[in-house]
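Chain IDs A, B, C and D follow the sequence of writing; residue 1 opens each chain.
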Amino acid sequence: MGKGRLEAFSDGVLAIIITIMVLEMKVPHGDTMGELLPLAPVFLSYVLSFIYVGIYWNNHHHMLHACNRVSGGILWANLHLLFWLSLFPFVTGWMGENHFAAVPAALYGFVLLAAALAYWLLQQTIIKSQGTDSRLKVAIGNDWKGKISPVLYLLGIVSAFWWNGVALAFYALVALLWLVPDRRIEKSLEM
Amino acid sequence: MGKGRLEAFSDGVLAIIITIMVLEMKVPHGDTMGELLPLAPVFLSYVLSFIYVGIYWNNHHHMLHACNRVSGGILWANLHLLFWLSLFPFVTGWMGENHFAAVPAALYGFVLLAAALAYWLLQQTIIKSQGTDSRLKVAIGNDWKGKISPVLYLLGIVSAFWWNGVALAFYALVALLWLVPDRRIEKSLEM
Amino acid sequence: MGKGRLEAFSDGVLAIIITIMVLEMKVPHGDTMGELLPLAPVFLSYVLSFIYVGIYWNNHHHMLHACNRVSGGILWANLHLLFWLSLFPFVTGWMGENHFAAVPAALYGFVLLAAALAYWLLQQTIIKSQGTDSRLKVAIGNDWKGKISPVLYLLGIVSAFWWNGVALAFYALVALLWLVPDRRIEKSLEM
Amino acid sequence: MGKGRLEAFSDGVLAIIITIMVLEMKVPHGDTMGELLPLAPVFLSYVLSFIYVGIYWNNHHHMLHACNRVSGGILWANLHLLFWLSLFPFVTGWMGENHFAAVPAALYGFVLLAAALAYWLLQQTIIKSQGTDSRLKVAIGNDWKGKISPVLYLLGIVSAFWWNGVALAFYALVALLWLVPDRRIEKSLEM
């Protein structure tokens, strides 16, 4: 079975998620600069989530590049990842509207964590399907980013109940880590 | 006529359906854990519908794999299936918002039933277009899942008026049946 | 220049139009059968518009099949068609919510008419780009459906101000005319 | 790395942006012609933004045509462009709802300006990745449109605070400039 339709469907879902998130930023009724100020946290949340979806799309792109056959297990592991990503608009809107309050900021981190675990599960499913000489396994190497991200998300979730600025800093830190394109797979594929 | 654009259009519609369903889960205004509790039934309905759309995408994928030529009849049978699937966000939202009340839960089952019949109709249209040695006909075999699903949906619809927990159990049971990937077609194509 | 991306973009826009139209059917707050009744006209409008978008997708598919090169003029004629189709959710929602009242029903017909003229313009642009031995020109033949549709739309618009049932009958009649797949192009391409 | 998925994802995002903008045009509750009049500025804003997204899609199409390899930098420059374009529905809705008032009209121009700079950045990233004999660099020539557009946007933003009709005229002028398809790249590719 080819992977073209899996990519097309995932691209479609990611494109829609990234675009409908902006709908949570409701058009204000007044026409002054002051009307925009209350939207600042919603806008900031949108920027952070946009970057996250961009990172997922980017890494998903690379991961499937190192995958030739798509099994039923991979299809479902992929849908599982898309499920958690589909909750981004909801948690982004909730966190933004409540100015990064404790519970919404922690829930945002929880969905980030769940998406990271779902991504890891998809990665493992592909590696397992490729057998002992898995191209993807070689490509990701020790996967230190994949291992440290859940820890940082957990720290973010916990700190959300103490000081939400720290929680956001953790979430932004993970995004920064991944923003650097994953050259391991690129290099490995070129070899 | 190729099937590429039929797949692309169907993927697009399914990707949008699966993503806009989440919009029925309205962002609450407060910022406490208690604000999320009333959303639990909407969330559960969303999970169930997400799995259903995933199953349809998955099986649609397999079915078109066993189909080479796309006729006008197949195009319209496919649009007919997409029509019923496009009602998923509406019935999912209605059932969730009313905490699985009798009529919304029965309507949910009715749309599931209609989508199942539309899927069966599309399958028959493809088989008919392939003539006596239809690859798809061989692939689906006795199609016991396709035959038992409408019966289970009907049982779910009727039981919705007595005890909605039973209705949900029937709907979840059919999803479980199909969650197991349809290896018949995979096997048949490998041969 | 290839036509793949033009098809992909058009498919995307049509898939989104067909799916967001369903969002105009707002989830009712009560849980009784009686809550669904007021939605009947919105549902009917949705069905009609769904069929229309299906017809446009179908014919667009056939038309581009008979087109090899995509010029700048074709790109813009295509976007012009998509513009009018993008107004379908708005006019469908307005007509449905107002139970096919005169002005909304006439505006619905006006958008149908504008989309039909935009389709004709796109067709002419492709034919012109193909020169004297245009494949598409041969394929559409005398194009009686394309010629009679605007007349029927106009009759529908005018009758909307007298008796909206007649207007709807005209709109449904045009849909029926086109529902029969356009075998001319299929035949012509097979030759 | 291929560019197919980059194009598919961008097409998806652009298709969704162009279609959800129409959702800002809320269905009025009454059924008279008079109900449509207040929507005129929203409609006008929608038409202008639709043309802009069409221009971006068109030029994006041409630009990627002159690009063979997609690097991580290009992926992120492309996402950066999509980010600013994703704000179109918000600023279009705000400007339309407030009848082209000063601040919303200036913000609209600001997002147009930011998108133009993001487009230029993507162009430069591709040219840089192609080295000294860049096909795209030859194709765009002196790029006078790309150089004059930001100046016209700035003039529009400033004039929004004096006379919003002039601001709109500037925005429409830039659209007109680009509406003429960019034959430089087409010609260059044919050679």
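Note that a residue touches a chain if its C-beta (ideal position, glycine included) is under 8 Å from a C-beta of that chain, and two chains touch if they have at least 3 such contacts.
Just so it is clear, the model here is predicted, and its values are computed rather than measured.
Comparing mean CA positions across the assembly, the chain most remote from chain D is B. At the interface between chain B and chain C, under half of the residue numbers appear on both sides, which makes the contact a different-residue one.
Chain B and chain C have Cα centroids lying 26 Å from one another. Each chain gets a centre from the mean of its Cα atoms; for chain A and chain C, those two points are 37 Å apart. Each of the following residues of chain B touches two or more other chains: 8, 12, 15-16, 20, 23.
Looking at the complex, you find that chain B touches chain C at residues 1, 5, 8-9, 12-13, 15-17, 20, 23-24, 72-73, 75-76, 79, 82-83, 86-87, 89-90, 93-94, 97-98, 101-104, 107.
Per the touch definition, chain A reaches chain D in the complex via residues 7-8, 11-12, 14-16, 18-20, 22-23, 25, 27-33, 36, 47, 50, 54, 57-58, 61, 65, 179, 181, 183, 186.
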